[in-house]
Amino acid sequence: MISPCPVRGKSLANKEEAPGKPPRFTKSGRAGTEFGMVEFKRVSYVFGSSWALKDVSFTLEKGGFLFLTGHSGAGKTTLLRLLYAGLPLHRGRATVAGFELHKLRRRHVPELRRRVSVVFQDFKILPQRTVFENVALALEVRGVTRQHMERRVRAIVRALGLESKSYTRCAHLSGGEQQRVAIARSMVVNPKLILADEPTGNLDADLTTDLMNIFKQFHSYGATVIMATHNRTILNMVPDAHILHLEQGQVAETTLPVEQDEPHTEGLL
Amino acid sequence: MISPCPVRGKSLANKEEAPGKPPRFTKSGRAGTEFGMVEFKRVSYVFGSSWALKDVSFTLEKGGFLFLTGHSGAGKTTLLRLLYAGLPLHRGRATVAGFELHKLRRRHVPELRRRVSVVFQDFKILPQRTVFENVALALEVRGVTRQHMERRVRAIVRALGLESKSYTRCAHLSGGEQQRVAIARSMVVNPKLILADEPTGNLDADLTTDLMNIFKQFHSYGATVIMATHNRTILNMVPDAHILHLEQGQVAETTLPVEQDEPHTEGLL
Amino acid sequence: MLRFLRLGWRGLREMFLHPWAQLFTISAVTMAAVLAGIFLLLLHNVNQELIRNRGAVEFQVFWREGADMEQVRREWQRLAAMDHLKEMETFTPEQALEGLSRDLSGQGALDWLEEKNPLPASAFLAFNIPPGDHSEIWAKGLLAELRVLPDVRAVHYNPVQMDLAKSWLSVSRSVIWPVMGFLALVVALVVGNTVKLSMLTRRDEIEILSLVGARPWYIRAPLLASGAFTGLASSGLALGLLRLLHLRLEHVLDFPPVFLVISFLPMEHCLLLTGVVTAVCMAGSWVGVRQ
Amino acid sequence: MLRFLRLGWRGLREMFLHPWAQLFTISAVTMAAVLAGIFLLLLHNVNQELIRNRGAVEFQVFWREGADMEQVRREWQRLAAMDHLKEMETFTPEQALEGLSRDLSGQGALDWLEEKNPLPASAFLAFNIPPGDHSEIWAKGLLAELRVLPDVRAVHYNPVQMDLAKSWLSVSRSVIWPVMGFLALVVALVVGNTVKLSMLTRRDEIEILSLVGARPWYIRAPLLASGAFTGLASSGLALGLLRLLHLRLEHVLDFPPVFLVISFLPMEHCLLLTGVVTAVCMAGSWVGVRQ
């Protein structure tokens, strides 16, 4: 098993700013909220004329574990894309990893993305590169030294059962293997906030269990996890997880504490 | 619900050769076996130095339903790729849809692919085209007239709940929607042989049930179905289905009748 | 046939799915075609100049002093009717003296010679070399013919002139066609590569079509149509640009001793350019499918 | 800095992930550069010819008949030492008569004139026009200077010659630079589009890098490096091809009256070509990231 918090390796996500440190500047989109917390306030998103998200509000405390559920097309991926600035936030306010998304400047996007590790639904791995290179990419981008990189990549690749494929091009991998590469890449940076979009779609039950154990381990070491999934069986694997169920872009059901102040404020106006 | 065998529409898969008709020429790779039957005899496949399939033999009768199971990387996709001539067959003999794969000529590949409808694990849809265009593509390629095409495409798109997205580019669809487009494209030609690779990976339980009902309907009208899947719950949805469990490229377990003659023959030599 | 047209039409519509790639391709091809066109324009004009000047062999015929001017004039008339004659100038002794005098000082310096003019009657004849390789022999024949005219004392002819003509011919043979060929090759490479490169952006599409059972020509017909469109559009644009350039530069060499009005490419050259570019684009699309 | 170098190195290695696209790009860019190079070669040689010929103003100086030849010879010596003199030919009356006689018939036709030679002493002077725009005034000054020489009766000078020189100057100003600019633009477009097109094949890669948190320069440095490599490799290849072409065609115009040995591009032009192509390739890579 890999250790999410190696004793010697520093936590990479926090390389530039220690958690809890007061924000240095707020104009640029840095928030005053605690690092690692995710907060949405009446967030909406429109594609052309169709609402992918409508008035979504929730607060996930630092170290929380959230399952995003909902039918196909409910808006799960859209919500996650907003979180890593894959889509610009126009309506509502959101805070993630110490950044205020509604104020986010273009040049701060890379910084945000280094704090948020994403497992993409369509993997987004480089087909012409090897497994090792793909996983190492996340570290390389963060300027990690070569030796440290090798050690961490090997560990995570072994943990996901891809050892024998380390030097295979990703174009030559099976669907499940590609998905595991995507997961490995997001895990290797020892993230404090993990967004995983349907990370088990191409994996069988055994691998799914293994994988959920890895996520749980990261979680137990303090990482915040948001996972979109269709797989009902995994919902029970994390006992203390919250669930946010989306229906046509709206929050239909949730086990998260819901703040009622905003509609209240509206009533006052 | 769409009708897999429309009264007026002719079965497209058989457009060029009626089932049961004796094969016209065998040199080119057409087989003497009955159309619709799938037969593998000691088939192996090597990628570089690693065996993706090893000595796989099975026979699936016409109208059969087969689940391919196995861990990630077991060789399910490789087996399916051989069936639609996505990989060349070098070792062993195989017959599918009236074609002998080990003798198949390049110019007969399109003909084979018109008889075999495939749902690809990575969808393989055209991101810049609309849902309608993507689904219609399978018919267009077969030279179907415009009116007939429209009717069928609309029916299948409705059946898969994509009606409201008909004129959306596929690049703008959610993962599950894209998967359904891939399924719709394979279904629209009213196929006699369906290969589906992990068709429910991005779909929730309700949609999966709906989808399996469509597959079962095709099956009940006489189509042969081979489906690779990790999802154990769907195995029980088709009571009369066979299962072929692969492990590291070899048949580990199967409910199909296994022929024992080949090892026997070997023993005689 | 109808189906083929429909596929072609589809190809054209599909170009708009990759507008950027198409735009890049068309502009790159256009520019390559413009470059080729400038070369063609240059060669065409140089060639025209050569054709206008190359073939002339010049003879100077001197009659005996005191030859009967009546007879000389009759001979002049006969000479004026000769084949291939391009230019003819005749000088009576008086004219010759006047010219000489003018050449020397312009002030009637030789007026005192008028009474006893020492100069003979003469004629300057320039002939176009007729097509064919035997110009040397032909010129020798002409020389002999002129020498035996009655009362002719001497015929001068300048073989350097012949050399020049022959050299130009050999230049236009040994340079212009190889250069044109090389040029065509270069344009073909640029255009072909550009088209192949833009095909790379459609590789997935081609793969998917083949996976759903499309026959090769079903895949190729639209690509050929869009290749043809790219070629036609690009060469059309290129010709337009060339024409603009031409209008701008038409009279730039039209000054005193040169008097060269640059002429535009003739129809055949335009068609050639269009044809080559279109063919190359279509070939590029065809080959691109294999990659 | 070290990091930057490492990124550049990575860019070069990554080119081999898309060997086809790179090969296409390099060959298309090479060909565009070759085309541009041929133009440069042409312009360079034409320009050299112009510079060699343009500046000559020619004077013909005639002395009075019966002028003292001793004094004339002394004047010739003075003339021979003048500034900017390019060519000088002198004729005593005897030489002039001999030349005239040779011109007329080549057979001593004017031998009877020898005793009473009507021709004056003369000199032919060709001057290079010194740099600067006042050539007209300068030539007028020279004319006046020559006219006042003792015993000089007349000085002829051909203003057409001056016109020609001036026209060439204006041509090379009004045509050559605009054409060069246009050419550079065309090459930039072809090269830029080719590079951008090949960037399209790497669009996914760029998107993924940005999604995992790469800073813009982390994405760009490798692309710039590979752009620079493409540019250098292409222009190197292009110069090689040009040199081959040049070796093949060097002496093709070196025949009797032309005697033009085509010279290769000077170092600055080569560097210019390399620089422009490389810069354009790098700019193409830079812009390609935005698409």
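As written, the chains take the letters A, B, C and D, and residue 1 is the first residue of each chain.
The working rule: a residue touches a chain if its C-beta (ideal position, glycine included) is under 8 Å from a C-beta of that chain, and two chains touch if they have at least 3 such contacts.
On a predicted model such as this, the values are computed, not experimentally measured, just so you know.
With every chain reduced to the mean of its CA atoms, the largest distance from chain C is reached by A. Taking each chain's centre as the average of its CA atoms, chain B and chain D sit 69 Å apart. Distance between chain centres (mean CA atoms), chain A to chain D: 63 Å.
Centroids built from CA atoms put chain B at 35 Å from chain A. For chain D, the set of residues touching two or more other chains is empty.
Chain contacts: chain A has no residue touching two or more partner chains.
Shown here, the protein chains touch around one cycle, each chain meeting exactly two partners.
Pairs of chains meeting the touch criterion: A-B, A-D, B-C, C-D.
Per the touch definition, chain C reaches chain D in the complex via residues 20-21, 24-25, 27-28, 31-32, 34-36, 38-39, 42, 62, 65, 100, 104-107, 109-110, 112-113, 118-120, 122, 153-154, 156, 160, 163-164, 167, 170-171, 174-175, 179, 182-183, 186-187, 189-190, 193-194, 196-198, 200-201, 245, 249, 252-253, 255-258, 291. Partner chain A is touched in their complex by these residues of chain D: 3, 17-18, 204-205, 207-216, 218. Contact residues of chain A toward chain D in the complex are 84, 86, 109-114, 118, 120, 124-126, 128-129, 137-138, 141-143, 185. By the touch rule above, chain A contacts chain B in their complex via residues 47, 69-73, 76-77, 121-122, 172-177, 180, 197-198, 201-207, 230, 232.
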